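Here's the structure, in structure tokens; my notes come after.
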Amino acid sequence: MAVPPSTYPHRLLPLFLGLFQAALLLFFALFITYDEPSAQEDDTSLVANQVYSTFPFFQDIQVMLVVGLGLLLTFLPRYGFSSLTHNFLLLNFSMQWALVLQGLLHHFHHGQIHLDLHKLLVSEFAAVTVLISVGAILGRASPCQLLVMATCEIPIYLATEWVIVTCLGVLDVGGTITIHLFSCYFGLGVSKALFRATQQPLHPKETPTPSSDLVSLVGTLILWVFWPSFVAVLCQPGDAQHRAILNTLLAMSAGAITTVVASSLLERDGKLSPGHLQNGSLAGGVAIGVVADMAVPPVAALALGSLSAVVCVLGFGFLTPLLRRKLALHDQCGIHNLHGLPGILGSAASVVAVLVASKDTS
Amino acid sequence: MAVPPSTYPHRLLPLFLGLFQAALLLFFALFITYDEPSAQEDDTSLVANQVYSTFPFFQDIQVMLVVGLGLLLTFLPRYGFSSLTHNFLLLNFSMQWALVLQGLLHHFHHGQIHLDLHKLLVSEFAAVTVLISVGAILGRASPCQLLVMATCEIPIYLATEWVIVTCLGVLDVGGTITIHLFSCYFGLGVSKALFRATQQPLHPKETPTPSSDLVSLVGTLILWVFWPSFVAVLCQPGDAQHRAILNTLLAMSAGAITTVVASSLLERDGKLSPGHLQNGSLAGGVAIGVVADMAVPPVAALALGSLSAVVCVLGFGFLTPLLRRKLALHDQCGIHNLHGLPGILGSAASVVAVLVASKDTS
Amino acid sequence: MAVPPSTYPHRLLPLFLGLFQAALLLFFALFITYDEPSAQEDDTSLVANQVYSTFPFFQDIQVMLVVGLGLLLTFLPRYGFSSLTHNFLLLNFSMQWALVLQGLLHHFHHGQIHLDLHKLLVSEFAAVTVLISVGAILGRASPCQLLVMATCEIPIYLATEWVIVTCLGVLDVGGTITIHLFSCYFGLGVSKALFRATQQPLHPKETPTPSSDLVSLVGTLILWVFWPSFVAVLCQPGDAQHRAILNTLLAMSAGAITTVVASSLLERDGKLSPGHLQNGSLAGGVAIGVVADMAVPPVAALALGSLSAVVCVLGFGFLTPLLRRKLALHDQCGIHNLHGLPGILGSAASVVAVLVASKDTS
């Protein structure tokens, strides 16, 4: 949609998507089924409990990804509608593609895959990686390029996640490493590969207006509110989940205030930068994911949230211009500041947390 | 608000609504009460469970109707505020009116009606019919005309629903037939009756702008996210509800992708039409309602979602212009494409599902 | 942000907030901890139940405060972004500040404060008072002035709440008296103190546009939808909570319709005033808070909702201009009409409810 129609191979997109949907239908017809209806009453109440405990979290996450993230990406005024649409399309495409791949890899028993809400949720998590990576090339890639990127990214994510979580045994309940760090560097790589030589100046269409900044900030606030659901949904119910919710709330809250501090110190006239607010407020949530359900004290969550916000704002102020100048690396939404740097911070924090915990018990 | 003040009988609206509220107060004073406080502890936990299992769904549906549907209707830029307001007003009016009528018809025991959350929910479902029908005459009817329409539609809906569900024994958990199909043809009838002869050209105020299309799409996305709650809220807890949620999620997801395919094939330059996206993405949810909790395989939900989206987009491309030309039938929001055609498709699918099921068991 | 940069002491804000965050970190490091992991399986399911019963309400309230209230305050077009940002900043600041003070006052045992979701929720309620009071001086105070106001208001609120609830034994589950009435008169006092002599004319920046009115109304609708969660979250689970939800739903619904009646009677040409709709629709929720979980008949909730809306609209029509003329009292958002008058009405209703109940039982 961003590319003029004359040069745009405008039958490629429907062809690609249409074939994908047809293949998906075939795959579902052959392999996918639901669980048998539970025979006993006990099982029924078990399923019911599962629905009531997982479904509200699942809906919160859907709101985050479809509405929150979609709105956050509308800060480029002319690409607003396209950003929202591409985000929505990529979420659905990646989720279905991840469902197929995960079914084949993990859940293939006796020629059948039993679908449930938990499997949909895990596929949704895989789709998040694509939505984050898109941020690096927002408004500069055609829908087809985005779909090709999604097609490649999902299997690579699944492999990476398998290595990190299953082989290496890393605990990462909120996806700090497997989702945020991975997708950040994947997206930056794609940006570099697609726009290697072009050190293009900022397009006038790419300047946010007050109105587009307002809508984008609403997206941030929706993400901010529901972030605890994203981090806590896969935790063990009970204490661990309760702790994950509290830790995330504390980190988000500290991150919000520290963003204001860092941004108004960094900007020459003390005004707040909309871009800092839109991203810095969320940095705490990225970093806390990997330690959220560990037995860390509340002060650690606060400190991690504050530190992430500082790092994110500093990244916008210094690192992004530097990367663009030195490496000709264009990072449209600043995903390196929101997902990369806080992700590294969170990973370091988790190492410290594990070391402290093992010292305590030894 | 749409009609110039000089010609507008501007005391009629408050008079009508004021009398309605006064009558409602009288009716509530005479007949409506709450359940007695539960005497036993077991009952208390029963009520508590009911609150926790129904209330989140209820809130999701409120968000859909008040915010999601309201925003979807703001695509006519000059009528944006009026659309949102009228939708809100009609929801409240119709819900209260349905509460009275349903109380009189179904729940009148010993001169009293016991109010609970479930009865409010059922009244809300009745109000949905009015909100859908309004789409046919959006921006062309005065608030008073809309209220008169609501006053007539609610009792006709209750009668129709009683015939279909109670007399004919049709299973329609997501309201595909009783809500979507009914309200679509009711709305088209009202449009024909109100604007019979006038084959008026498109008013310049009625052309969406990029900004109004963006806001309207946000409404669609909110509806899209919470649609599973709408379909599943009245299901049997446990397996049936779990299956209804999964089927709806699959149908919505397939519908979203197929809409993009169909729209970019239909539009000459391969661009996506905002109107197609705003409606086609939801068509799957309309069609799946009637079979959502049946034991259909996952592939059926996918196929139904895809097919509905195709039918909806084709409807916008060919049927709506045809109806306007041949029958002078004006359908402002295209409710025939979003609620009519997918509703027919879903009904046909439910017949097939029941036939297959009865063959399996025989 | 509202004040020109040249006159703005733009290092004060980050200094103040930075010191606050540092002090908070120290306080958390010394005194705040989580509960010990539950040893027994029964406890685990207890914690899990607590998470599942409180957390959805908590998220609803977060959406109300961060997104709903934030958007409601954007009706001044040039201050839109600032309003949203200040609201977000003040919520986080006040919540953390209330957490510290409440921890010191109520939960200090053996030198430690055990943090849980319920304590965060209670702090959030305290923060609401600040967000309401801000409405009186919106767009006319610098961020630093707002923070100073928050710093003073939270301890005064905690003292007032302690006197009203603990000493006087007033039942006020929805915070009608302790939150709405208190913060309204606190905010008006601040407005009077800050802008004592200046009877300034309306600034052209302070005139809402159709677009800003639309966004603001979306904020109202989000608040309207989730208001029952705000009122019911602290109720006894079971009957009382169920009744609080129903009463609030009825009051909100009646208030919405009555607002339309009152506004179109009051306006000369029968048009609806956006300001009336944005506020009147919520007045019922303010008034019902104090009686929501009492054994009042449904008709009382309806009547209270209607009456509050009438009082709120009349307040906008007559009282606000009067206060501005006679007392030079500037109330930017009309918080006296939305929180003051309905709060008084609700308090009076609670007195009647208690008197009737005591007569019944004697």
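Letters A, B and C name the chains as they come in the text, with residue numbers starting at 1 for each one.
Operating definition for what follows: a residue touches a chain if its C-beta (ideal position, glycine included) is under 8 Å from a C-beta of that chain, and two chains touch if they have at least 3 such contacts.
Not measured: the values here are computed from a predicted model.
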Pieces of the assembly without chain B, by contact: one piece
Residue-number overlap at the chain A/chain C interface, same or different (half cut): different
Chain A and chain C: spacing of chain centres that average the CA atoms, whole Å: 32
Two or more partner chains touched - positions in chain B: 52, 56, 211
Sites on chain A touched by chain C in the complex: 52-53, 56, 60, 210-211, 213-214, 217-218, 221-222, 224-226, 228-229, 237-239, 241-243, 245-246, 249, 253-254, 256-258, 260-262, 264-265, 269-272, 274, 277, 281, 295, 297-299, 302-303, 306
Interfacial residue positions of chain B with respect to chain C in the complex: 1, 5, 8, 10-11, 13-14, 17-18, 20-21, 24-25, 28-29, 32-35, 37-38, 44-45, 47-48, 50-52, 55-56, 59, 62-63, 66-67, 70-71, 74, 80-81, 84-85, 88-89, 92-93, 95-96, 115-117, 120, 211, 215
